[in-house]
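Here you go, one structure.
Letters are used for the chains, namely A, B and C, taken in the order the chains are written, and counting of residues starts over at 1 for each.
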């Protein structure tokens, strides 16, 4: 049983004569009731994936292969016009930069009505206001917010209003694209609690939470997917991934951040040598190979296989060979 | 209180600009070499045969402008006359009062241009916002058409429309404010007739305003379409016209200046359209006055245009101070 | 040169059209068999083998008037454009670089000049001048059209002034003129070129408008003067299309091509405004 699944997704941005391969064979499963964290550096393709998952690919993104299923229905990735009716109701986006996400010249109530009317044209204004008010209340916002313009609200209130609006039509899947990156630590805390509550109260069925902050994910997410250079290099239950990352990139990523938990003490914080590859040329083997301490000859040339075991997946030649050795032995 | 200070400082600026305009209007024709006021009068009266008329105009002119006094007291007299609404007597249509002539022409100009400006502003801004949002081929064709409409001088468009829709295809009258044989009155027949004469000049102005506003709105909205609030609204699958409406609302504020300024340049801006259509407004009045060297009329028209432009600019500045407190803040910091 | 390569195709085409018209104005009068004022045929002869573009109300050749008219209009435009740009850049640079009282005075003057419509000042100037030579007209237009350039250049210079290389030049004892010439103006060249194109555009329009009102250059043809007589002699209503359409088409072609060149330059320097390639 899955809530949403993308399979072998590849997409690129076109700028002039060059293609920027933002996503390269990405597969992910989101189970109902689950929060899936996606982590990676800037430019690793996580925001592109968020835009595809939330059915908001920009005009310059070309999806070249892959399938996507949400809530049991297959989405035609080529026909972006068919996405419109799924947006907001089936999938919703919790955007980056929530502070500017509200139309500055529209009252919150009017915006909420527009959003509800996009899903149900016959909805009455009074009913829309009632539904919005109760959702705002659930997020500890007073009803007067309905009559406010965005600039009359504090930053924290705006963040909650955006969250309330994003979930207003009870979407099955909520895609949160770095909603926390501009927030201070206590607002981040509140947001994390809020998202957990949305799932536990059943207002949304699942959340994909995209961030560069592994520490935040280790608290929030059920599972974590690590992305690098347009690919998912590892995906595992949060605990398992943080405690015992399998892919060399995940190891390096975790080593480069402080996780304030027992066992962190004494661990050295190290950067990753080298820089991410140029995505303008397709990569034949493992994109991390040039920076990897464990790289084998095969890593540069052949795409690593997906090693799946114990509810976790990674894409690394070294692990594949270890596993093979175990099987043989 | 900052608002009051803002208004007062703006007001002082405009009083200065008005004084400069008044001085230009008075001194420019008088100070240039080889062109004293006497020669203005003799030029104006060239071709007038009746010596009695000559004498009367001469005396009137001397009296009205105090030509026997020095230039400075003449200027004071002139300012005094202008402030009491006395614009003098026409040379070419002696003894018509210039103020009355302007009063007769002004309603035609306003009725022609005000609807064109208002409607052109609305349509132009909507098209501009839509073009910026839709991009692609639609954007390109809107952009190039608008550029063409604004680049071609508006009287050129008027000439082409007049020839195309009144001469080659005789759908509309070829000019004037009403048909020969009718006289201005409040009757159904006359109104219908006047509307049919009004339509082509109106259309030619409307198209130009649409073009200008669409370009302005487009370059404004290009920055709006990538705004976070547009992305967020899109993520709910809101209809395009809804989102264009959002962009319109947000890009509109600066465009209000465009509207107010367009109303300000209203009388001055499109005088030439009236000439092409022989429309009985201020433009044609000015044209005839120039051909007949009717200086009192010319100076009254230029002064009127100057005043309207200054007042409109002032109102925009004040309005902006009310609408957007950030303007005031920026002004203090910037200049 | 890189800039010119990045020019969108429509900009290149527009520049070519403009240059072709200028060329016609340069060469045409040399090839013409008679002057623009010569009465060569009967009035309102339609275009044909004798007169390529027909004759006007007096029987003058419209074709000969056209090439002379283009020459006059371009000459006035260039003279006014150069004058206006020079004054605007000089005032803007001084005000922006020096700041202080000089800035206040120059910008006060600029603001007043911007508020008072240039066409009205020109009109007042023109009615006072009994004979208007093309040079005087060009200079008059140039003298009233500098304020927008001055204001724009001032704000550019004011921000350039804060750059490090300017500080270094100042600290190493360079004089004001040297700093302006070596450290500031080179960075403004693209900007000044665009300002000049706009000035040229505005000046050609101003000449046409004044001439249409009957205040054109004396004793010569210009595009505006041709249109003035065409309208005064009712050739639009009379259906003598060659008389009024010729100046109309050429005024439009000149101004439209100049505006296209300017907007293309703008997209080169201002990538955000580029017309979106991808449709939504």
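Points worth noting:
Everything below uses one rule, namely that contacts are C-beta pairs under 8 Å (C-beta built on N, C-alpha and C of every residue); 3 or more make two chains touch, one makes a residue touch a chain.
In this text, all values refer to a predicted model and were calculated from it rather than measured experimentally.
When chain pairs are compared by contacting C-beta pairs, B-C ranks highest. Comparing the centres of all chains, each the average of its CA atoms, the largest separation from subunit C belongs to A. Between the Cα centres of subunit B and subunit C there is a gap of 22 Å.
Chain centres here are Cα averages; for subunit A and subunit B they lie 56 Å apart. Among the residues of subunit C, those touching two or more other chains are numbered 276, 278-280. Multi-chain contact residues of subunit B (touching two or more other chains): 135. Touching two or more other chains at once are residues 59 of subunit A. Interface residues of subunit C, counted against subunit B in their complex, comprise 10, 107-108, 111-112, 115-117, 119-121, 123-125, 127-130, 205, 208-209, 212-215, 227, 231, 236-237, 239, 241, 244-245, 248, 251-252, 255-256, 258-260, 263, 272-273, 275-280. The touching residues of subunit B, counted against subunit C in their complex, run 13-14, 16-17, 20-21, 24-25, 28-30, 32, 34-35, 133-140, 143-144, 147-148, 150-153, 155-156, 159-160, 162-163, 166-168, 174-175, 219, 222-223, 265, 268, 271-272, 275-276, 286-287, 290-291, 293, 295, 298-299, 302, 305-306, 309-310, 313, 335. Interface of subunit B with subunit A (complex): residues 135, 227-229, 231-239, 242, 246, 249-250. For subunit A in complex with subunit B, the residues that touch the partner chain are 54, 56, 59, 83-89, 92-93, 95-98, 100-106, 111, 114-115, 118-119, 162, 165-166, 169.
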